[in-house]
Each structure stands twice: as C-alpha cells, then as structure tokens.
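Have a look at these structures, which come just after this line.
Across the two complexes that follow, chain A remains constant while its partner is chain B and subsequently chain C.
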Partner chain A sequence: MATEALTPGSGARSGRNDAAWLLTIWIVLSIIGCLLVALVWGPHMPPGRASVQAASQATDITVLGTIATPVVIGVLLYFGWALAFWRQQPGDETDAAPLHGNVKVQTTWIAGTSAIVLALAVYGTVELINPAGAGAGQGPQPVFRNGMPPAASATSWAPGTNNILQVQVIGQQWAWTFRYPQFGGFETTQLVIPVNQPVQFNVTSLDVIHSFWAYTLGVKADANPGVNNVAYTTATVTGDFQVRCDELCGIWHGSMYDTGQVMSVSGFLAWTKTTAATMAGVTKMLPPYALTYDPTTLNLGKVNAALGLTGAGGGYYNPADPEQP
Partner chain B sequence: MSLPARVATLVVAFLAVVAGVLWVVFDIIGAQPQTENYMPYAQGGQVNVTMMTAAQTTVTNKPDWVTYFIQNPSTKQFDHTTYFAVPANTTVNVTILGYDGCTPLRNPLWGKVAGTTGNVENVQYYNGKTLSASQALTTFNSWANCAVQHTFAIPGLGLNVPIASPTTVAENNNLCGTSPCVAPADAGSPHTVVKFSFKTPGTPGSYRWQCFVPCGLGYVDGNGGPMSTPGYMAGEMEVQA
Partner chain C sequence: MAIEAQPESAHAPGGGEPGATPRERGWWMRPNVLTALAGAVAGYYFGHWLGNFIASQYQQVGTSDNNDFAIVIGYAFLILGWLIGLGVFNDLVRQMLGKPLNRNVSLHESGFNGNGNGMAKYFRFTLDHKVVGLQYLIGMLIYFFTGGLLAMGIRTELLSPSYHVMSPTMYLQVVGEHGTMMMMMMTSVIVGPFGNYLVPIMIGSKRVAFPRLEALSFWLTPCAYIILLSAFLDGGFPTGWTGYAPLSIQAGEGMDAYAVAFGLMGISVICAGFNLVVTIICYRAPGMRWSRLPAFVWSMLTTGFLLVLAAPVLVGGMYMIITDRTVQTAFFVNQLGGSSYLYEDLFWFFGHPEVYILALPGFGIVSEMIPVFTRKPLFGYKISVAGMFGVAILSFFVWQHHLFDSGMDPDMRPLFMLTTELISIPTGFIFLVAMGTFWKAKIRLTVPMLFAIALFINFLFGGISGVFLSDVPADTTAHGSFFVMAHFHYTIMGGLLFAFFGGIYYWLPKVMGISMNQRLGQIHFWTMFLAFNSTFMPLFAAGMLGQPRRVFEYAANLQTLNDWVSVSAFCLGGSMCVFIFNFVMSTVVWRKKAPQNPWNSRGLEWQVPSPPPADNFEYVPVILSGPYEYGDPDALPVADLHPPAGVIGGALAPAGASTGSEE
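Right after this comes the complex of A and B.
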C-alpha cells in the first residue's frame, strides 16, 4: 500500500522500489545533514556566544535547525525524486495511478508531526523561562526573569553579589545614552558592562519608539516613551559589541548605533569611577533617576517659564498648529 | 464616450500620475542641499568654518522653520545649507553665530561640551549693544537658565557642542526677523558667538550631524519638520582626503 502511494509514476512500472530508495536516501542524508547542522554550522549560529543568553539562543536555533533538517531533506528529496523519476514520458498520455488513502502513512505523518510540534512547544516554553528568556521587553516586571533576582539596591553595586547591575538605556532621536543609577546616576554615550556579571537593562525613550538591540548579547527590547522595558544579559566574553536601533525612528535611524564594551570587573569599576568624575558637572543637572521620563513636565527654570515654555522642545502636540501631522 | 475622448482621458490621467510622482520626488523628498567646499581653504592643517543659526528660514517656503546657514568660503555669504566638506586629519575651527532664542534640551546630557579641543567652547554674548568677553564653557544647564538654543553634534565623532543662546527674555523677544541674520537689517540683533575646534578623522567619509534640541516647533515631539530635514537642523560633514 505504501509503495503504491509513493510510486505514482514509472517506479511501479519499472519494478524499482521507490519507497525503499526514498527511505534509505532520506535516512542517510538526514544523518549527514543533522551532523553538519549540529556540529559544523551550530557553533556559528547567530547571535553567537558572547553572553549566557546569546549562547542559549544559539543553542536553541541549533536544536531547531537540527530537528528541521530531516523535514527539509524529506520534502526536497521527494520533490527531486518526483522530478527525476516520475515525470511524464514523451508520448505517454495515460493517467497516473489513482491515489487512495493509506492509514499507515497518515497515522505515521500525524503522529510524527504532532510529536515534533509538541516536543518543540515544551522545549520552547522551558527555554523561554530559563535560560534563554532575556526578558526582552515584557515591561517593568517581566514574567520570566531568567533567574535574575530583583536588585537589592538601586544606589550601589558590588560584583559577585545578588545585587544585579542596573543599566538604563535611553533612546532619543537619534542616539542612545546610558545611565548608571548605582554609581551616582551619571549618564554617558558609552555602554560598558562587566564580564560574567548579570546586567539588567531598563529600556525607555524620550520621544518616539526605538528598539535597543545588542545583537551579540542576545538582547533586544523596545524603547517606548513612558515605559520601562526590562531585559537581562550576562556577558561572558570581553570585547566590543554592537548596539543598533531596530525600530524605524526617523531620518537618522540608520545611523543610530553604538559600540558597547564588555570589560573585566576591575576595568568596569575603574571606568565607572573615571566616568562619574568626568560627568559630574552634568550629572547634577540630570533629573533624578527614574524608570521613565516625561519631557513635557520638566522643572524648568524661571527664565524658561517666563518665556512660556512648559517642556523641552515646547510645542508638543499643539492642536492649533497647522503643521501638526 | 468616443475613442478620442477615452484616449485623451487616459493620457491626462497618466500625465497626472507622472506629475504627482515628480512633485513627490523633487518637492517633498527634494534634492540634497549644496555642499560648501572648504577643501581649498585649509592651511597648515587647519580650516575655518563659519555657520549661523536663525529662528526662521525666510529664504525658503518654510519661513517658520529654524535653521542653520553655512558661510560660503568664497563669497562670504551665508547659504541655506547644512552640508560642508573639509579635509581629513585637519583641525576645524568652527564659529557659529547663534541668532535663535533658548529652548530647553530634552536630555540635559547634551548640555555638556564633548569632543572639542579641550572639551570646551568659547562663547561671547551680544545683547544688542555690547559684545561680552569670551568665556570658555564646558557645561550648560538649559533647564535652569535660558542657556541653549541648539546643539551641533556629530555622534560618529563623539562631538557635542551646545550653542549658547541670548540670555534674557528681552533678548529672546528681540531676535532677528529675517534670515540669514546679516547687516544691515539684523546684524545688531542679540546673538552669541560660539567658537570651538575639533579634528577630523584620518579616514574620508560622510559624518552626519544634528541638533539635539527638539526645535521642530509644532511637530510631534519637536523632532519633525526642520529637525528631520537636511538643510535645516541636520546635515553632513564630508571628510575628504
């Protein structure tokens, strides 16, 4: 029955057992393909292994790719086999063999695909919780905290403790700035984090929607005005990493990128000390650290108030302005 | 409808579509503003570039947009453009005549001078009568004082220069009314003279620059209109070999 269902063309007439050939070739190619995907391509899967989260995501993609390989090979093999051996011969105007239901084939197909889908659902759910779930943009209280404890202190940090490092990511047209509340609240255009220490990114925006994408760290979270989105990472390799905006945010969106740096813990602590001192003059002008900022309700000085300004930039959403988009 | 009438209708409709496309391309998207070429004027590893800010752009069809002008190094006239070319590995001495009034920065971080020689800028204030002595400043508090009108920032070079503004309400209410703000009509208006230097990278390329004050009045978040249109509050510095 199975042979009949799989041999609509010349195979049956020629005496070739297509099903056996297909099954044999499929098994051999699948073994080779799975080994290649898992062992050769796998170590190079994006986003790399520069952080715990990135490595976990790379592993997940490798697992999914390995599982998908036999399916892809099966489809392509059947397609190629049909093209090669089951094509209509010149002058042959007879109909192909009629198709009939095949309980074994259908049962095998349903059972196999169901098992794969359910297994992937379980695997994906477990991975979403821990360790791959980087908390990418679930708001200020992510359901999946990736095993990260809440910060014990918002004003101090020491390596190797349960007090997770807080880094605020602030998007604005068209630049990223970063604030370190546990080091006096200084703000800078440089993103520096320590190696092998868990980091909590608090991501927000001062204007439109941006998206904080530290690709090689396996972190991406939308930066929405008035919203704090939380994401986690633990970098495992020192060196540079790229930060891009992944949400079309205006004319210079394509230029809204930064190069971050993962340092040793001692180097990071030295950097925070130097930067806090360098930025001290402007740090005292910053608003008190908060998870979000509303630029329309600033505590402006008396001169600006005298000029009739109510917020940075003024003219927000003025319905009387004819140029309001 | 007769055949000639159908053909005529089709042709008219086709031409209307073509005209619409051309209008979008040339009037809305627009051509890139002209580039002021400072290349021939570099001497001894330095070049002087002069710019101007104005509260309006009366030389264009967007008279209520704030804008930058750049001085043509040959004619010395201020052209309505934000594109300029300078040599690589050269110290650029910039003078910006700031004729606009103050607006608070959305992010006070941009009140810090960065990336200039010595991380300072030198500012003189003209109140309509006298020009003050030059002050070397490193930080501006635009929330506490009427201190900043715009910024000149090249993020790719880490350069950020807040452009100081005329300091009082009276001065802000007496800004120049036509642009560019030049003699005889507007040279006497309150303004600032901001000077700073920075070094261009050794590698040729285009470096975009922008203002970080959301000064697109009337646009969402203040970042539309002139903030999003090259030739007004955004431009490019072309570094050439």
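Right after this comes the complex of A and C.
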C-alpha cells in the first residue's frame, strides 16, 4: 500500500472517483441504449409481426435485447475505462494495490445476475404459454394451446367455429407438400392459410429429419419421420411468406424452400374448392390421411402407375436396406 | 528470495533406473510415425479384406451395394495397425511375457533444446508429458489450419446466393469436414498442449499420473485426422458435425469415417481427461493446497471431469451409428422400433458439456494471465473456482435446449429454458473475477493480455446471444439459423481460440525458451480481432433475417451481408498466415532466447528454467503461497525449489501441506 502512494502517476489517478464516474456514465448510456433498442429498433425486430406468434417473438427479442443492452454497455465501458485509465505508467514496474475480493460487490453481482436470469426464465415461460407455444413445434401432444380451439372435426372446417384449421406439412428429400384433411385430404405443393384464423400445422417427415420454418409466421417445427409435431400460428397479415428447411437433410437441403401465402378467408375457401377439384384425381390415389406415414408400407405401385413413374421419386426410406432408398 | 534459476538439469536423455540396459537401435529401426503409417496402411487393407470375408456370409450386409462393414473393420484395423506400428503395445507384450523391457521407458526425454534424442522423439510414442504437450501443440495447429482452409471454402461458396463454385454435395462435404474437424480439435486444443505440458509443472510434479494414457491420447489424434479426411475419398458425409440420424444412417460410405473418427477422438479425450484429473488430484507438491491451485489447473480439473463423463456418451452414440449402418441394428430408425430422438439426445448429452469443455480452458488461461498483466491478485479466487464448477455441473442439465423445436415433450421446455439461463450465473462469475481484477490495476498491454481482453469482449457477445437462444420464443426464430452459427463461433473461436493464441504467446517462452516476435504478434492480434468480429457479427443479423445454417442457397437480399462476411473471413485467414509466419520464423529461424520469467509472473511454471529441465524440478518443490499474491510485499515466494532434506512428508513441511505427492 505504501509503495502505491509513493509511486508517481498513481497520485494523479487516486484523485478520480472511478466508481462514481463509471456508474454515472453506465446509467446514462444504458438509458439511452435501452430506449434506442426498445423504441427505435424494437418495432423492426425480426421476425416481424405477420402473425400472433411472430409478434410475440419480436416482442420477446426486443425485451431480451433491451435487458442485454446495459450488460453489454457495462462490460465494454468497464474494459474501455480500464484500458484508458488503469494502464501501467512508463517506467512503473511495481505491482498494483492487492485486492483479493469484495464481499459487497460479489454479493451484489451474484444477487443481480440471479435476479435477472430468474426474471428472464419466468418471462420466457409466459411468452411461451401465452401465444400457444410461440410457434415452436410441440410434439404430438401439445400442452401450450392458449386460445387455440380443439381439432374438433377432421373432415370439415368453417371460419370462426370452435374447430381449428389443420394443415399437414410433409417433408421429404427435398420438398415440402401440404395436406388439407378438412377439405377432402388433397395434397399440394402450395401452402395457403387464411388470415386471422388459428392454424394447426401437423408436421411430419417421410425420410430424414427436416425442419419446417415459416420465417415470417414465426413457426419452426422439426419434421421427424414417424412423429407428428404440432405447431400453432394465427396469421394477421395477408401476403406471401417464405418456407425453408431448417435442419440439414441431405444434398439439396439448401434449395428446399417454398413460398406460402396468407389469403383472406373467402379467398382461402375459394382456393380450397378449386384445388380440391383439380387434385381430385390424385387425392383418390393417396394413402388415407393420417398423422404419420410409413412410406415403406404405402402401395406406391398404384400411384406410380397413374403418374407414369417407374420408382418412388422422393428417396423413400426402405428400412430393409437403409442405405438404398 | 528462495526462488532462483537452476542450472539445467544434467540428466542424461532417457535416463531412467540405473539398472536398465537400453538396447538402442538406429532411429529408423525404432517405432516411429513412419512405422505407424506402415502399420495403419497394412491394417486397413487387412481389415477391409476381413470385413468382406465376414460380411459376404451375411445376406443383409453382403448384398448391400455399400461396403460399410468392410470399411469400418478396415478402420478398426487401421487404428490397431497404427498403434502397433508406433510400438504402443511393445512394453505391454514384453511385460506379459515376463521379459525385461527392451527399450528404456523414460518419463523424461531431454528438454526441447537438449542434445539428447534431438527431434526424433517428437515423432515417437514417448512418455514425457512435455514432449506430448509439444506434439499436441503442433498436431492441433495442423488440425486447426486444415479446418480453417475448409472454412475458406465455405465462405467462397457463400459469396453468391446460388451454388457456383462447389456442387451441393461438395459443399456439404466441406461443411461437415470443417465442423467435425474443428470440434475434434477444439476439444483438446488446450487440454492437449497446455494441459499436458503445464499442469504437472504448475502443481509441482515431475510427472503425470498415467504417461501411457497421455501419450495414447495424443497418438490417436493423427489417426482420427487421417480417418476423418479419408471421408473425402468416399464421398464425404452430408450431415454436418452433428450427424443426425436417420440421415447419417442413410448417407454414403463417407459417414463411416465420421463415426469412426469422432468416436476415436472421444476415446482420446477420455484418456487425456482421466490422466489430468488423477494428476491434479494425486500429484500436487507439498503445500499445493486446493486454495493455492492456479486457476488454469482448476479449469483443467473441471474440463477433465467433463471429458471423462461426457465423451463416453459420444463414443456410444458413434458406436450405435456404426452398428446401424453396418449390421442394421436400427437404434435410430423409427420404422423399425428405434428413435431418431435417441440419437439427438445422446449427441447433445455429450454435445452440451462439450461446449463447456471448449469454454472452461479459455476461462482458465485468461484467469491465469490477467493477474500477471494487471499486477494484482485474482479478484474472488473462490468465485472463479465456483464459477467453473457451476458451469461444469450445470452443463449436464441443459442439453435439450438444442431440441426446443424438435417435438420433444413440451412440458420440459420451461425447465430447460430455466437451467440454460441459470448457467449464465456461473459464467458471469468469470466476468466478475476479470472485472474485479482489472479494478485500478496497472495493466501491461502485452500480446497475451490483448488476447485475454479480447476473449471477454467476444465471449460477452457469445454469451448474450446464448441468452436469446435459451429463450424458447426467441429460439423459435434463431434455432438452426446463422444466428446459432455466429453464437457458437463467438464462444468457441472468440473465446477458446483467442485464449489458445494468447496462451501460445504467453507460454512459448517457457515451453521452448524462445520468444515470439511481439510486433508480429500485435499485428496478428489486431487483424484477427477485427476480422473475427467483422466476420461473425453480421452473421447474427443474417440468421435473424432468415438464413438457415448449412445452405448453399440463400435469399438474394442477403448477398451483400454474406459477401461482407466472406471478405472478412478471408482477412481472418490472412491473419492466421501472420501467425504461421511468426510462429515458424520465431521458433525455427530467429530463435530469440527468452528470459526465464519474461512476464515477471509468480506462477510456479515460471520459476523453473526455460525450457524446463527434463524432470521439471530438481527437487520436489514445497509450495509456500498462492500464485497471485501480486502487490503484497509480505507475500512469501510461491515455492521453495530447494527444500531442505527431509522436508517432504516430514516435520518441516508447512502446516496443512498436502500429502498427495509422491517421489
């Protein structure tokens, strides 16, 4: 300690109240930063607000970003300050004053980080429950279905009834198809959903693991072979949205994308009517609607003969010989 | 000062027990890396023939177009042949036959600059932990630069939103090889070189507990390297480093190389971790109490525990992949009663502790360097240890956050969200310790210190982005996107690798007795730091804007962002060239002699000459005080390197001294 006071250079430093300066600058910068993140950046946070689920994710990301801002500012400010003011003076080969710990600082730090972390966990859980699972795949028995009507009827659907619209998403190497069980069970490569209506995606796969990612709808659910993975969304804006595969599924994973469409309810009903009629011939040959499919047990001969194909096109998985589709 | 330089120990190279009678043959006759290669090639061909011979009797295997069974048996015999060629089993066999050991088994080869066995010992199966450490250092650098070149390939492909340089197949091969190679390398990049070399010296021991396990752990890594790269000859593997089933069951023959190489690396790190844990617990010098253990040794202890407990799960998972692929066991095939979730759970049950295996050594290295360059004691030593243990223990309870969208039991998600966020508390301890140590310090801005500070800045962004990923709603957007990719590059490359390079600049004067060029070191640091952030920071945005990982096609509006990233990545590659130039020139050409303790550190490893003598310490030292007592004029020197005769285990030992030492 004595050597510290005698060293030239350290005398000038001791006049400054580092703690007070740091705290003041940190609070000022944090307030500015938090306001900027929450109010300026927040409304533009991904993934946008095209559905209830996406909006809740955007809000969640904004909240996390706002809480992270003071942390980032604090650490950067501290290290910047240290580099600016607590450098070795030229010619000063002495050690700094020893400081083995500070119970008050350590307790405050532990209590503070614990409080933030627990608050974040509680907030994340609320944000998971409220928007019915936040668009994430929930497996075959979803538990977070706040406000989502039950799948009351598997064969019919009308807007505004207590019966959720079901859309089956089928992944295979390397394309998505979509089945609408409540409209005769037709299968199409177009994904169309109505606006402001809760939708239940039943996601499954025919071969390897894919992941159904409708970015602007805030939906992401893995497509597992033999498993039905349910995700909910309620689109609030009409227009196109991107669908991508988000789990590495083989060579053409990178080009496994699609464009979906959110339509008005009347437009959607008209589209289902037209498509059901167009696809009627194909629908007859499809296996009956089910939550999962085992392609090895499907009678593909009928389909292939009708379509003029000589083999399964999509790399169906043959368990008897897993390496030779 | 009782601490002073010793004259270099005059032990004869290979000097063991006086009764041993080494029958030394010419270097080309002794087992070395060339005989090992010969053994590996012979082993592979024998195994391949044997596999075909067996498999042809079984219809399921024999009629398959793919020849996975023969390839896997070939790899198994390749490993066996490699080890036989290295002479790993020579002493074992001789002992089983009751014969005296042919070659003198020495725990202490001569030092790096010694006259003894020259460079040849670096190409042999040797039991000296310092030789193994240097072998590891060079080996891991080769791993790293191979993986880095593959990364350059990935970024070249991503210059354009559609595929143009590589075919989609080639792109996936390169992505998979890059990821797997880097993951295999990062697991032992600190444990191998620094852990093996420095831990015995830092705890005052002349040896490690299991020198054969340690040497084996290194010599399996070149084998894993060759096998992994051989996947390119068989068409590569399309799964990335995660190897998710059933894609990995469906994939072509290159997948076998992935499973064998990754599993082999698992075995290697189990050996390395086990050796370190036992060494640290049992081989501390008298007076090296737990409260005086350097932070780096604590990080090696926790990492060692993680390696021993987590890596077996990986080995098991890889074994199941191999049997699924070769003999149709269907562990992971849903239609046959297996489950693809089983693989995901097994993989991430290993994979998440693995992530902390990659973080803790970095924390340890910077905690070791910061007190030296701030000239202050480590702030909250106990907090730092508690942080490492907290991270290590919690890391086994968070793995399902990789599966939030997979369709796992939805009830579990709030729980795993909680545990994942809890882990940021002990991680925060490391920041508390660093910031407390910086408080009113006298910072010496040397090259290692620059890397240490950069670790905290990088890890800050890595950690904060991790909070977004732990939060299920935010993760729904971020999962599987470039956001995740940026996140783990920030924690692993920004954390571990910055610590690794800092460690090289910090400890190379000790390890080789040679100083790296500081000017080039500064250029390396600044180019690496700026290019690293310029590469990975925009990828957070790319991910949040909807670009999935491992794709060769992305939305056209993201091209500017991706081009910026690619150019930055090339600059990052250039900065690595600065390092290679500096490393090669400094160690081979310039060879500027380093003083014994250039950083004026209190660490025990700095109290021995540079490079350390063959047996580390002339006498087993007696540790007198902690390693971080800077600024305390009354502090005792860290150790007495010439303890009076009889002090060890005797009445003169300091009160409370550990009795865990031997010799």
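Criterion: the second predicted complex is superposed on the first by the 278 of 325 C-alpha atoms of A that agree within 3 Å, B and C clash if a C-alpha of one lies under 4 Å from a C-alpha of the other, contacts with A are read in each partner's own complex, and residues count from 1 in each chain.
Note that in this section a residue touches a chain if its C-beta (ideal position, glycine included) is under 8 Å from a C-beta of that chain, and two chains touch if they have at least 3 such contacts.
In this text the structure is predicted, and so the values were computed from the model without any measurement.
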Which of chain B and chain C A:M285 touches, first, second, both or neither = first
When the two structures are laid over each other on chain A, which of chain B and chain C touches more residues of chain A?
-> C
In the overlay, answer first, second, both or neither for which of chain B and chain C A:L35 touches.
-> neither
Applying the touch criterion given at the start, work out whether A:A270 contacts chain B, chain C, both or neither, answering first, second, both or neither.
-> neither
Figure out whether A:A154 sits in contact with chain B (first) or chain C (second), or with both, or with neither.
-> neither
Which of the two partners, first being chain B and second being chain C, lies in contact with A:A20: first, second, both, or neither?
-> neither
In the superposed arrangement, does A:N224 touch chain B (first), chain C (second), both or neither?
-> second
Which partner does A:E187 contact after superposing on A: first (chain B), second (chain C), both, neither?
-> first
Once the structures are superposed on A, label A:Q172 by its partner contacts, choosing first (chain B), second (chain C), both or neither.
-> first
Could you say whether A:V208 touches chain B, chain C, both of them, or neither, answering first, second, both or neither?
-> both
Both chain B and chain C touch chain A at residues 207-208, 250-252, 255, 317, 321-325
Residue numbers on chain C that touch chain A, as the complex places them = 64-66, 68, 163, 168-169, 171-172, 238-240, 242, 244, 246-247, 249-252, 324-325, 328, 330, 333-336, 340-341, 374-377, 379-383, 404-411, 413-414, 417-418, 421-422, 424-425, 428-429, 431-432, 435-436, 438-445, 453, 456-457, 460-461, 464, 467-468, 470-477, 479-481, 544-546, 548-555, 600, 629-633
Chain C partner contacts - residues on chain A that touch it in the complex = 3-4, 13, 18, 46-47, 53, 56-57, 60-61, 64, 68, 71-72, 75-76, 78-79, 82-83, 86-89, 92-102, 105-106, 109-110, 113-114, 117-118, 120-121, 124-125, 127-128, 131, 133-144, 203, 207-209, 211, 213, 215, 218-222, 224-229, 242, 244-255, 257, 294, 296, 317, 319, 321-325
Sort out for me which residues of chain B touch chain A in the complex.
-> 101-109, 111-112, 114, 138-139, 141-146, 153, 155-156, 158, 168-169, 172, 208, 210, 212-225, 227-230, 234
In their shared complex, at which residues does chain A touch chain B?
-> 170, 172-175, 177, 187-189, 206-208, 250-252, 255, 279, 281-282, 285-287, 295, 298-301, 303-304, 306-307, 309, 311-318, 321-325
